[in-house]
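Shared between the two complexes below is chain A, which pairs with chain B and chain C, respectively.
Let's turn to the complex of A and B:
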């Protein structure tokens, strides 16, 4: 059975209240642990600083998880022109966009919180805008196929009808305009969330190093390196987790699978809680 | 002022390096069948079509290129710290990463193809010998240019990330851009030349890839020849534009309005790309028209 023929079982994608409540409780426990660690002096900066850092990380992760659902991904079927979307994996593409955003956000970090977040978001959106355009150019000029979606009758933005442009025996192909816009929005959210995580960690590490007397030229370099590595790591965790929620392909915000995003956000909140705690504890032994 | 002019020059150079990297990356992955279309290469023997196409995808291109570029960046960085000349250091790093890519390619091809032995798919040693070195050559070009671009970002443009961390970011972005843009052309236009041009591949045709070239059986090196015409340059343009605009908007517009200039420039560039995309979409609809029954595949 090919990937495209594999249909998700029964209630896959349904919101599960019990599991979600447990995940949220776990996340609250992680935030409480950060508060306690700060209060007891194991993490520097007092009780509030570690807690607020962790909350920022969790918010960033939730933004990434939400953003991933916008990115139109068709995987192997898209490469054959069998389904719309970009012909690669959800996790890889979302991470690529997010890291491009993180690159811009980290560069602008010295200019202030707002500029860094906006710079990160735009970096991710720009990467997706260029990638999506080149994907459509490949389809149109390389393979002679117009964009068509199999999931909606009309493009929600342009109103273009889809069915008559769809090749027989396929679920559509290319990137209809709604998918293009979805890709850019996904890149924006990814870059924004990744940069938020990076800045939270960077500020916390800088403060921790200063508190224990690690100063000089190497301290900021170490802080940037650690924050960058953990931000990238957390990006991969959330993107992979969201990719499992999507299971295979998604066309963008108009795809029925898009409605599954609350489940990914809850999972991201829980996962980033524990990952963020580990990231904070890296400097606890100092 | 001088700093900005140098910044613009480096931006252009990094963009050009990235364009070469993207083109080499896509050609490398097409010769080695590492992108998403590898599922069709893996599927073909199960549908009764044995072939001589290389297949080295264990994970996708983005994680693989993250590994190779980061490895090269890390080794180069270590040598630079030891005061080795930067050009030599980057070459040392790239050579090591290319050998790792060669080992990866060999084990992946043997492993994946051996798993298909129950469907009668043989392991062709001549394919292994001829194709592996060709993918290594392309990988060298892709890795070297990406590492050089990262080095420029780190030293001349003063990005806060260290060289290996820039390797992670741009290695993944290279794989993602190349995989997204180049895969359809290799997957549909190359592997399914038995299907009509100007339509998607029907799901029922999955696995029925073209296995014969003009003279004898097709090998993966022919794929490089074919996809270097459009898929490779398109991937190169994609990655080159990403690197160029990401750097350009920052270098030129960040001094304006305390950094908000770069954000506004980014929004304008995104909107321009959006308009171009809409134009391409409408152009395709007007010129190709709706799908007609006459184009139906048997």
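Let's turn to the complex of A and C:
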């Protein structure tokens, strides 16, 4: 029911204290399990290495969930010029930005931790910047509509008034400056988080392969493949959960829906906890 | 609670479709695993049948879940299913060191556990308040895991972690392992990941609307499953014996052709009636 029945589900923005606390406790339990498995020697690298890897994965997932909320998504109404944002779903857009960042970071992985993270963030931000630019070109020159936000009277950055440009009966259209900037910030966070997950897994697999009997000159290539597919899988899970939190369209950081991000971060922490734990167990000594 | 929009009245209830898909998938996977265990890879094509079974089940689940307005579109459900499924499937493959027969059932159980946590998060933490959410996401994760196992079997003939991470060649009686040209090392798993995810989300996304009919949507799911199987069968030429790869390819092609013909016929059946309208006639006539 993509666009036809896209109704906001649940109460918008309501934070669920009980469920959130349970989710955080679950995440702490997953981290504790990683510590215990490391301590008993099932996961190699000692007690701390698996735990720190899992913590890194969770931080990366939280960054992704936060970044997704910056990305302006318009869905099918945006394709018809009836709402601002890029004319596709949250999950697709976040995945595009995240994977572009992931590839950038993976390319720079051998140059050190900081360079890889910067490469990932810039890759994601660049992908979003290009997408936003092309979207605005097709809106302005293709559909002949000016960019106007329907959620705020004045653009929070430029201070330009929006109401004069907004067509009647629409939620706004095009990609206003604030949405553009939000998209790039979202890409930066998404790329950073995705790369952090990938690098944590890559380092852990590289360190653990000898313990499970995978040795050879080309073993690091296998670590790249394994860490890559896990990072993609986890990225999709986090992006879809964040999309469920947004329920449909969001204009960018000035949209009231942006305030829902704490829920998505809690969800990402818990989800990446269990997914990350299973990902670590793949190289367990059985 | 969000409003439920019923797509169609199902001839076969969801639980029955789920049971049929699950049994078809598990039985086929076990046949393929038994074949690999006995040393033959001619039965690898059963992995494709398993993927088709899982996709029929998953398609019914997506239909049930997406009849509530989840606000993000149908494709996101397919991506979530395979995102969590690939993690469960790889861990289950690791358990093959105990017994290869443990892998299919372990993949199912681990995916259900991961999916239950993810479903609970969506429903409670994110406050979606959709009654079928927790169960549906758990089912979808299991579908993703089983379908991915099926496609993996078609491509490599195996489900065990040691076989899908290494390409083994016997040279003068010594087995040499190459990791960089393996199913995972070469990144072929990403291909099966996307093939499966698209095959899972496409059928209901394509058929939804007022004229949606269960048999037509299911037939499209079968067609998408066989289409994915064809690609995996082509890839399998690099991993399994020539005969096994040809068997997979021919069965995939036949399955796709038959299901495509059937889907086409069902689409014609469900298409809106059209009238052979004539141009305006002159008033004098």
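Throughout what follows, the second predicted complex is superposed on the first by the 271 of 286 C-alpha atoms of A that agree within 3 Å, B and C clash if a C-alpha of one lies under 4 Å from a C-alpha of the other, contacts with A are read in each partner's own complex, and residues count from 1 in each chain.
Heads up, the rule we're going with is that a residue touches a chain if its C-beta (ideal position, glycine included) is under 8 Å from a C-beta of that chain, and two chains touch if they have at least 3 such contacts.
Computed from a predicted structure; not experimentally measured.
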Give one word, clash or fit, describing how chain B and chain C relate on chain A after superposing. clash
Between chain B and chain C, which makes contact with more of the residues in chain A? B
Applying the document's definition of touch, where does A:152 land relative to chain B and chain C: first, second, both, or neither? neither
Figure out whether A:245 sits in contact with chain B (first) or chain C (second), or with both, or with neither. second
Tell me which partner A:266 touches in the superposition: chain B (first), chain C (second), both or neither. second
Looking at the overlay, what does A:71 touch: chain B (first), chain C (second), both, or neither? neither
Please indicate which partner A:214 is in contact with in the superposed arrangement: first for chain B, second for chain C, both, or neither. second
Looking at the overlay, does A:232 come into contact with chain B only (first), chain C only (second), both, or neither? both
Who does A:275 touch here: chain B (first), chain C (second), both, or neither? second
Partner chain in contact with A:131 - chain B first, chain C second, else both or neither: first
Just chain B (first), just chain C (second), both, or neither: which does A:89 touch? both
The clashing stretch of chain B against chain C, among 2-10, 38-46, 110-118 or 236-244, is 110-118
For chain A, give the residues common to its interface with chain B and its interface with chain C. 2-5, 75, 89, 92, 95, 221, 224-225, 228-229, 232
As the complex stands, chain C meets chain A at residues 1-3, 5, 7, 66-77, 79-80, 82-88, 90-91, 94-95, 97-98, 110, 113-114, 117-118, 121-122, 124-130, 161, 165-166, 177-180, 182, 184-187, 189-190, 193, 205, 208-209
Where on chain A is chain C touching in the complex? 1-11, 14, 16, 19-20, 22-23, 26, 75, 89-92, 95, 214, 216, 218-219, 221-222, 224-226, 228-230, 232-237, 239-241, 243-248, 263-264, 266-267, 270-271, 274-275, 278-279, 281-284, 286
Chain A-touching residues of chain B, taken from the complex the two chains share: 35-40, 43, 60-63, 159-162, 165-166, 168-170, 172-173, 175-177, 179-189, 191-192, 197-206, 230-231, 234-235, 237-238, 241-242, 245-246, 249-250, 254, 258-260, 262-263, 266-267, 269-270, 273-274, 276-278, 280-281, 283-285, 288, 290-291, 295-297
Per the touch rule, the chain A residues reaching chain B in their complex are 2-5, 75-82, 86-89, 92-93, 95-97, 99-100, 102-104, 106-109, 111-112, 115, 118-119, 122-123, 125-127, 129-148, 158, 160, 164-177, 180-181, 184, 221, 224-225, 228-229, 232
